[in-house]
Structures are given as C-alpha cells and as structure tokens.
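Single-structure report; data block below.
Going in written order, the chains are labelled A, B, C and D, and every chain counts its residues from 1.
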Amino acid sequence: MKIRVLLFGQLAEASGVSELEMEGYADTISLISALQERFPTLQQSKYMMAVNQQMVSENTKLSENATVALMPPFSGG
Amino acid sequence: MKIRVLLFGQLAEASGVSELEMEGYADTISLISALQERFPTLQQSKYMMAVNQQMVSENTKLSENATVALMPPFSGG
Amino acid sequence: MKEGKPKNIFIKGAITASFIAESIEKHSVKKNIGGHSIFLGQVRADEINGKKVSAIEYTAYEEMAMQKMHEIREAVFEQYELTCMHVYHSLGKVAAGEICLFVFTSSAHRKAAIAACSELVERIKAELPVWGAELFEDNTHQWKVNQ
Amino acid sequence: MKEGKPKNIFIKGAITASFIAESIEKHSVKKNIGGHSIFLGQVRADEINGKKVSAIEYTAYEEMAMQKMHEIREAVFEQYELTCMHVYHSLGKVAAGEICLFVFTSSAHRKAAIAACSELVERIKAELPVWGAELFEDNTHQWKVNQ
C-alpha cells in the first residue's frame, strides 16, 4: 500500500525533502513513527496533519494512494 | 447686525434659495421664525442647524457676520 | 500621517479606479505598513416606485464638512494605531455603478486598519454635511436617506 | 457570484495596484452593489534582532488551500448578503512594501461587505495551508508566525 507524504515549510526545510513515497503503513501513527525515525527533527517540530486534504487530529486509517501532509503552523497573508 | 444664512439639499430646493443675508436677529429663534415666515415650507421640514459650523440644538445668540446653516438629514457616502 | 489642517476631501464627479490604484501604489514606500483597509461606496441603480436611479448628485456644506472631517480624522488617529488615513467623497453627479466614496486606512497590523476604516465610514455617513439627490431616468429626483 | 468549483487564488509574486484597479473597475457593471470592502496585506520590513526583512517567500499546499478557500467562500456567502467575493494570495517572493493578499467583498449594503471581508481575512490567515519565510538582507531567513 503506497502512501504519498508531503512536507511543508520548516518541516521540508529541516528534512531536506518535500515529497516522498512510503509503503506498508496502515494508519497515521505507524506512518509518523517511521517518518520520525527517518527525520529525527520531526520529533521536536510542531505540525498539523491532513489526510487527503482533510485535517486529522487522531490516528487515522490510510487507504491505498492516500496523501498525508505534515504542515507547520500556517503563516499566510 | 448681518447674518449669513445657508440652506442645503431639499431646503434649498423647496425655498428656491441657497444663500441669503438677514439683518437684525439676535438669536436663532428669532431668525428661524423670520425664515419660516419667508419660506413657509420650512415649518414642515426636518433640519439641523449650525452656527459658524458648530451644530446647535438650543437657542443660540448670534454675533455680527455669523453664518447660520439649515441642513436636512445628511445623506453622504 | 497626522496633519494639522483640514484637507480637501471632495472630488468633482466619480472616483476612478486608477485614482485608487495610485493611492495604493504610493504606500509601497511605507515599509512599516502590514495591512490596508479600503471601503468604496458605489452608486446603486435602485428601483423606486418603478423608476430607476441613474445617478446621485452630491452637494455639501464643503467648509464645514472639511472641518468636521478634520475632527473625525484626529479622533480616529487618537483611537487606533494608524500609519495613514485618506478619505475622498464625490461632489456633483456620479452615475450608477461609479464610486462616490473612498476611505483608506493603513496600519502595521490589520485589526487597527480594519476597525478604523469601518468606524470612519459610519462617522462620514452620520456626521458630514453632505446630501445626495437620487436622479431618475425620467429626470425627476428624490433626496437620498441614509440608513 | 457563487461558484461551484474551487478557484485558483494564487498569484506568482506581488499583487499589483493595477490588478486591484482592474478588479474594482469590473464591478461598475453590477449596479446592485452599494459598497465594496477591500483588505490588502503588505509585506513589512520588520527589524528582527538587528536584521531587516527584505521580502517574504510564500509557499502553499496549493490544492488543499484552494479546496479550503472554496469551503470558506461557500460559508461566508451563506452568512452574508454578498454580490461578489474575490481572494488572491501571492506565492513566491514578495518584497517589503509590496502586496501579498487581496480580499475583496461587495454587497448592496456596506455592513455585509465590511463584516464579510474582515471575517475572510481572519479565516484565510488561520485556515489556509500557506507559509511565509521572512528573508533578511543577509540572505538568512526565519519562518513567519501569524498573530
């Protein structure tokens, strides 16, 4: 099961990557823990999460080709 | 004692005059009663009054060369 | 910018979009501004008893209006942290669809600019000796009433 | 005008005064409009620890931002009697003194236009996935934090 992961703002900057593909994670908790292993700075970062463009705050099941976005606090305008 | 009287908006329209000079009125009450005699439509009109550009709501003494403005409700903007 | 003397706020006829653009443009040199709030009054082609408004003709007690606007300007500058404030009102005929009032406030932070602009619009409508006659297509007219 | 589909709100670089003027001008054909309310965000040359901001570089999760803006637009149209609503946000670099946000609401009566514009600005800042990096003159940067 493929998951598309997007990182934005200071998260993309700190991890050096803005988009990656992950495979084999059934929910956001397991995905995040794998991402934290790969990008240790994530553990100290403040961010919100969206699955398929919907904000989620609790553990969320992921389906094939889901897009998970990790987003630091918004600062538009 | 000369007084300059200004009429605006529908008051100027109804009386057919927008500026006139009156002489011999010591306060706004006596001035207004003379104006009402001259322009009877004034009696039915709603208006505010300014003496030398200051809004007044009570009888006000008039000095030489005072400017008295009769103003219907404002409708700018 | 606080100013000592009453400014002329009146413009003959409609206020054009290019005038507004120039006014916005001038503020690009003021690098402490974070937000601008603008209100534009536009003449509506209201239908009243089957007759359509084609224009509003504005008259004013100009001297007193400028003096009053000066007082309002000082009071609003006291109340809000503004960098700039500009007000323009049309005199004479302004056709339906055209702009007759331009209120423009700027501040380091949006909230002051927005609140000041909104307050200015209310005070301008309530306190400036300006009158609008709504002209109909058949050359009759009626006097506008502010809500 | 209510629209069925998300609109692109993003503009590459600064929003120009002439773009704003054109947008205002287009509304002269809508003769039921009585008031426009406009908010413009301008990039401030803030001084932070002795370094001056020369520009902000904006990035966004564009797809999600447009979808979110679509939801906000529908909600605000529900809430206020508006004739039109336009929102533009810059992407990429916007220099200090330039305009990065343009929110424009129109209504028959001023109060709806003013209240809707102000609410839109708050929601845009709080809810759109957009990020600004404040670039300093020495080529370093820091991430902007919204108040």
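Everything below uses one rule, namely that a residue touches a chain if its C-beta (ideal position, glycine included) is under 8 Å from a C-beta of that chain, and two chains touch if they have at least 3 such contacts.
Owing to the predicted nature of the structure, the values given are computational and were not obtained by experimental measurement.
S.K.: From the C-alpha centres, identify the chain that is farthest from chain C.
M.R.: Greatest centre separation from chain C goes to chain A.
S.K.: Would you kindly tell me how far, in whole Å, the mean C-alpha position of chain B lies from that of chain A?
M.R.: 73
S.K.: Just the number, please: Cα centre separation of chain A and chain C in whole Å.
M.R.: Centre-to-centre distance between chain A and chain C: 49 Å.
S.K.: How big is the gap, in whole Å, between where the Cα atoms of chain A centre and where those of chain D centre?
M.R.: Inter-chain centre distance comes to 27 Å.
S.K.: Which chain D residues reach two or more other chains?
M.R.: In chain D, the residues touching two or more other chains are 41, 121.
S.K.: Could you list the positions in chain A whose residues touch two or more of the other chains?
M.R.: Residues of chain A never touch two or more of the other chains.
S.K.: Quick one: which chain pairs are touching?
M.R.: Once each pair is checked, the touching ones are A-D, B-C, C-D.
S.K.: Give every residue of chain D touching chain A within the complex, in rising order.
M.R.: Residue positions touching the partner: 41, 58-61, 63-65, 67-68, 89, 100-101, 121, 124-133, 143-146.
S.K.: Residue numbers of chain A touching chain D in their complex, please.
M.R.: 6, 8-10, 50, 53, 69, 71-77
S.K.: So in the complex, the part of chain C that touches chain D is made up of which residues?
M.R.: That would be residues 17-18, 20-22, 24-25, 27-45, 96-99, 106, 108-110, 113-114, 117-118, 121, 147 of chain C.
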